[in-house]
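Quick heads-up: structures coming right below.
Two complexes come next, and they have one chain in common, chain A, joined by chain B in the first and chain C in the second.
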Partner chain A sequence: MNAVLSIARTTLGEAIRRRVLLVILLIALLLLVIAPGMNGLTARQSQTVLLSLILGVLQLSSAVIAIVLTVYMIPNEVERRTIYTILSKPVLRWQFLLGKYLGAVSALGLMIMLMTGTMIAVFAAFQGPNVETLASLARVAMMYFVQMCLLAAVAIFFSTFVQPVVNFFLSGGVYLVGTVFGSLFATIAESQQLPQAVRVAAQIVMLIVPNFGQYNVQNSVINSGAQIVGEGIYYTNLAVYGVVYISILLLGAMLVFDRREV
Partner chain B sequence: MSLAIETIDLVKTYKHRGGASNTVVDNLNLQVESGEIFGFLGPNGAGKTTTIKMLLGIIGQSSGVANVLGREAGDIEIHKRISYLPEKPYYYEYMSGLELVVFYASLFGIRDNDRCKELLRRVNLANDMNRPLSTYSKGMQQRVGLAQSLINNPELLFLDEPTGGLDPIAHIEIRDLILQFREEGKTVFISSHELSDVERICDRVAIINKGQLVAQGRLTDLLAGGRVEVTAEGVSDAVSQSLRHENRTVSFKDGRLILDAPDSDDLNGMIDALRNGGAQVVSIIPRRKRLEDLFIEAVAEDDTAKGRQRGRMTDGNSDGTVSTEVEEVKTGEGESS
Partner chain C sequence: MKWTRQGKLVNGPIYGLMLVLLLVGSFVQMNQTYPFWRKNYMPKVTDLGQLTGEQLLFAFAGFREMIAGILWVRADSFFDNGDYDSILPIIRLVTYLDPKQIDVYATGMWHIAYNFTDQENRADRRNIPIAVAFGEEGARNNDYTYELFYETGWLWYHRIQDNFPMAVTWFEQAAERKDILPARHNLLSHAKLRAGDYKGALKTWYELLEEAEKEMERNKSQRSNYAQRDTVEGNLDNLLIRLTQRGYFARENGWYDQGNYDTKPPFDVKFSASVTVTESRVMLVEGTWNVFPVGTRVKMILRDADYPNAGAAGLDWEGGDANNFSAPVGLTYVQDELFVRNRRFRKSIDLSRDPTIYPFVKDKYILEFYYTPRVAPEHIKDKFGYNGEGMTDSNFLNTEIRENQRVIYWKTEVTRDQILRRGEFGMEGVIPVFKTPNYVAPRVRNPEDDLVTPGTRRVEG
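Moving on to the complex of A and B:
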């Protein structure tokens, strides 16, 4: 465990110094700060628009950071040969991979925290410090974080056998399918008009691709009318789903990585 | 003496897409004894790094056996007793030298900052250990790498091209450190093509070319059989004729006779013959065989042998020739001139 934590700490230290990530982070923070100036609507409307805008910025930039952060992580270690020094120590490959993942997730957490803090501050400054709304904003951000941990696990898994650029599009694609197109696939899977084969294919896609969409709980904040029934249980389920899925992905990554020539 | 490293018919073949394959390490048989500095030599692309990676268990062998400290290569228990300095290493640049060594120490579960500092002092980085690695010169990076590799007080060190790309001063620093390792009873396995370094510090060497062993043995044995060059003035034709012999070359330059003979030859007899014939001996220069000569001989002979083979056969891969080449290298003293 010692080794895993050391590797995680090193990975974190490196990630928060990566220029690409800092640039993305900076752009996101900038967008969050200027978001309130971008709408000239009525008070009621503007709150809705502002919320969807800042949450959209938060989600999109978190996803980009999650992918950029992870797709190059293992390839960089190989290219710089740091992985050889590490694996020539009494460190097993799964420990290395787990350390890398935990480091990535910590960096991700740190960056999401920074963006969330900015977002909450900006929102409070313009819409007044409504404690309930601010708390639910934090909760939404928390769910985004779990979502991004899942996305990072997907990218790490792919990074054990595909090139970074391919992985970028692959992980991005999986994320899109799992969020934006999730409901589309669900509709296809249940549609009686479509041929059996198409429905089965859609069902398989839904089965394999992680359900990222369920972490998008922003509607409960944006439309104050839409309440989640049994919130506590819902969030717990989401967390459990995330942990299980991440474990499966990491296990798969470890199996591939263990057999791979580095 | 017990063997620190032993490989038996070790093979690494990379398969490429489309069925082609590339045998990078070919039936390699190495024996490295405990406590020696072993030089693993070969031109670029010979398969040195690949062999080391197999010995570390970073990559698996295609066939054959690789034993390190009496266990199968890659055994995680063995990793506690060895260390590795990769060629052209790169470290996490944002760290300081000290942070880097502390990081590698933690991979062994060692939490001992004093020990880390002591190691950095030992490699002459006492004043620079708190600077970020990005400001280190190549030589400093290599030294911090050595400090890192000593953290577990290893019995066996693998150093891949430890002096590659360094300036002469840095060469000497690294060389001195490696010699100290032997004093401490460590076994050091150095891959290199920097022959002058190897010649100065190694006890035994192996030379590989295109993945195959072309020579292995004690440096003193491999380099035995130098030549001696005698220069004389006023040599009559009769005397110069009498000196001709199958292993010698006789030539004239500016009216002087230059006699080049194996140092095992009867030197006194030759000089007597010259002086009795009225000639005046001007100089006698012993020419010790250099590792460079051995290396070039071994690799060139191997290449021409393979070239011949390729001319004859389509397959171009036979083991019979290799062993005879080893014999040639060991016994064929200075026949190349």
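Moving on to the complex of A and C:
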């Protein structure tokens, strides 16, 4: 376990020093700060527009950071040959991979925390310190974090056998399928007009591809009056669902990486 | 079970574990997260063809609320420019993307039902079923709040004015929600009264009074609580007096025949009407109404003889399609109100400037005249009562087309050639005139010269 934690710590240190990530983070922070400017465009619904905008910026930036952070992680180690130094020590390959993943999600967590803090400060400054809404914002950010951990696991899995550029599009594609087409597959799976085979196929896709769309829980926060009963249990289930899929992806990544020539 | 052998992972147990995890994940998704997500968060994916590729991508990648917000901002500028047609697809898109945007539903319903009018400010009533369906959808999607139940009820109460039991149903559902504003709750009683349920209206006022007094005790510093109590008390007093004077309690207790109540004897309104098609799609409507105090509006309808779901002087306003905001093409439904002054009404109706609202493509039409005291001002109802007990007409009193009501109703058939002045009814041919047998042309031809009497005098029986 010590080996895993040491690798995670090192990965975290490397991640927060990477310029490309810092630039993305800076842009995200800048967007969050200027988001209230959108309010001038509309006389009504200023809170709805502001909330949807800042949460949108947070989610989009987090997704980009999660992918950029993880796609280069393993290939860079191989390319720079630093992996030989690590694996020559009493460190198993699965420990190395797990450490890398934990380091990545720690960095991701830090960056999301920073963005969330900025978002909450911006919202409080422009709309007043409504504790309930601020707590809801933090809750949504937490769900985004779980979503991004899942996305990072997808990227880590692919990084064990494909090149970073391909991985970038592959992971992005899975994220897209899991969010954009989640609703579409759900509709197909339930449509009585379509042939049985198509519906079964859609259901299989839904079961295999992680449904990232489920983590988009911002609606009840953006529309402040909306009340959803049982959200707490839903969040717990989502966390369980996330952990299960992350475990599957990491196990798959470990198997592939364990047998790979480096 | 061995997970590693010589420092390498063993395939079998790992695959087994992955399979178990996949089953657990699928189970959690199918039984826990997905049904909840579908119910509360999943956006609709149908009918989004109007979004561009990037918008579609953003919409489903978790930014649908943001897209909805930006689209709504765009709608604001269309409202400012008076570009009302362009607002409709935005309203539809925004509510597809984010069905929790109550303001968009409420504004959209109002916009569809009220803002589409012809050149003479008559509503395009073909749109109203769409507004009702949209309101129903909004209420379904936001059943935690009273707002859209109230707004849909308001459409029935104020815009449709023909099926008050429906208004009651919606206001009752609104009243079941805890967040309803007291002043809006009051409307339930008014709707019950217009629906003919005076006992229900009384009961609601008493309940509201009790609630208002409790609220006043609970929060003495809130001035609006006093205002609400006073409003309810005033309305309750008025209703009790009116019900007494109009003989409702007497009727209930069986002594109506012995007393001298305002609604006795029924007053003959002496309705007559004449419609002359002066030019293609232009009509001069004239008639008599023997009620001197101002405040009477006689409803006139001209519609396709086979207009879908049409009934006597009305429609089934529930048959709209909320997915399609376009008014049904090729259907004609004209509704106007004829204001009575000095016991007469006279109005020129020019439908020629709105060929898309009034296409007149069918061969046969129904022309109807209708009056119910349910929507009349109180000084008229003082005489006529809520259900028309104090009103009669030797020719056109009708007790069949509206349950438990005495209304005035006359209808006749009209052909397309007559409305368009074609064929034998061409401009050089026969002038189409439709009139009740009792119609007598007025002596005073210019209504602008008439003396207009303020509506403060009660109808004399």
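Just a few scattered comments:
Just so it is clear, the second predicted complex is superposed on the first by the 258 of 262 C-alpha atoms of A that agree within 3 Å, B and C clash if a C-alpha of one lies under 4 Å from a C-alpha of the other, contacts with A are read in each partner's own complex, and residues count from 1 in each chain.
As a working rule, contacts are C-beta pairs under 8 Å (C-beta built on N, C-alpha and C of every residue); 3 or more make two chains touch, one makes a residue touch a chain.
None of the values given here were measured: they were computed from a predicted structure.
After superposition on chain A, the partners chain B and chain C are seen to fit next to each other with no clash.
Of the two partner chains placed by superposition, only chain C is touched by A:94; chain B is not. Applying the stated contact rule after C-alpha superposition, one finds that A:255 touches chain C and leaves chain B untouched.
Within the superposed three-chain model, A:223 lies in touch with chain C and out of touch with chain B [touch as defined at top].
In the overlay built on the shared chain, the residue A:85 is in contact with chain B alone; chain C does not reach it. If you stand at the C-alpha centre of chain A, chain B and chain C are 160 degrees apart, rounded to the nearest 10.
Of the two partners chain B and chain C, more residues of chain A are touched by C. When the two structures are aligned on the shared chain, A:186 is found in touch with chain C, with no touch to chain B. For the overlaid pair of complexes, the smallest distance between C-alpha atoms of chain B and those of chain C rounds to 6 Å. The intersection of chain A residues touching chain B with those touching chain C, taken from the two complexes, comprises 92. Remark: chain B residues 53, 56-60, 76-77, 79-80, 82-92, 94-95, 103-104, 106-109, 148, 152, 158 touch chain A in the complex. Chain C contributes residues 4, 7-9, 11, 14-15, 17-18, 21-22, 24-26, 28-30, 32-34, 36-38, 40-46, 56-58, 60-63, 65-66, 68-70, 72-73, 76, 98, 100-103, 142, 144-145, 179 to its touches with chain A in the complex. Those residues of chain A that touch chain C in the shared complex are 38, 41-45, 48-49, 51-53, 55-56, 59-60, 92, 94, 175-176, 179-184, 186-187, 206-208, 211-220, 222-223, 225-228, 230, 233-234, 237-238, 240-241, 244-245, 247-248, 251-252, 254-255, 258-259.
Interface residues of chain A facing chain B in the complex, by the touch rule stated above, are 2-3, 6-7, 10, 13-14, 17, 80-82, 84-92, 261-262.
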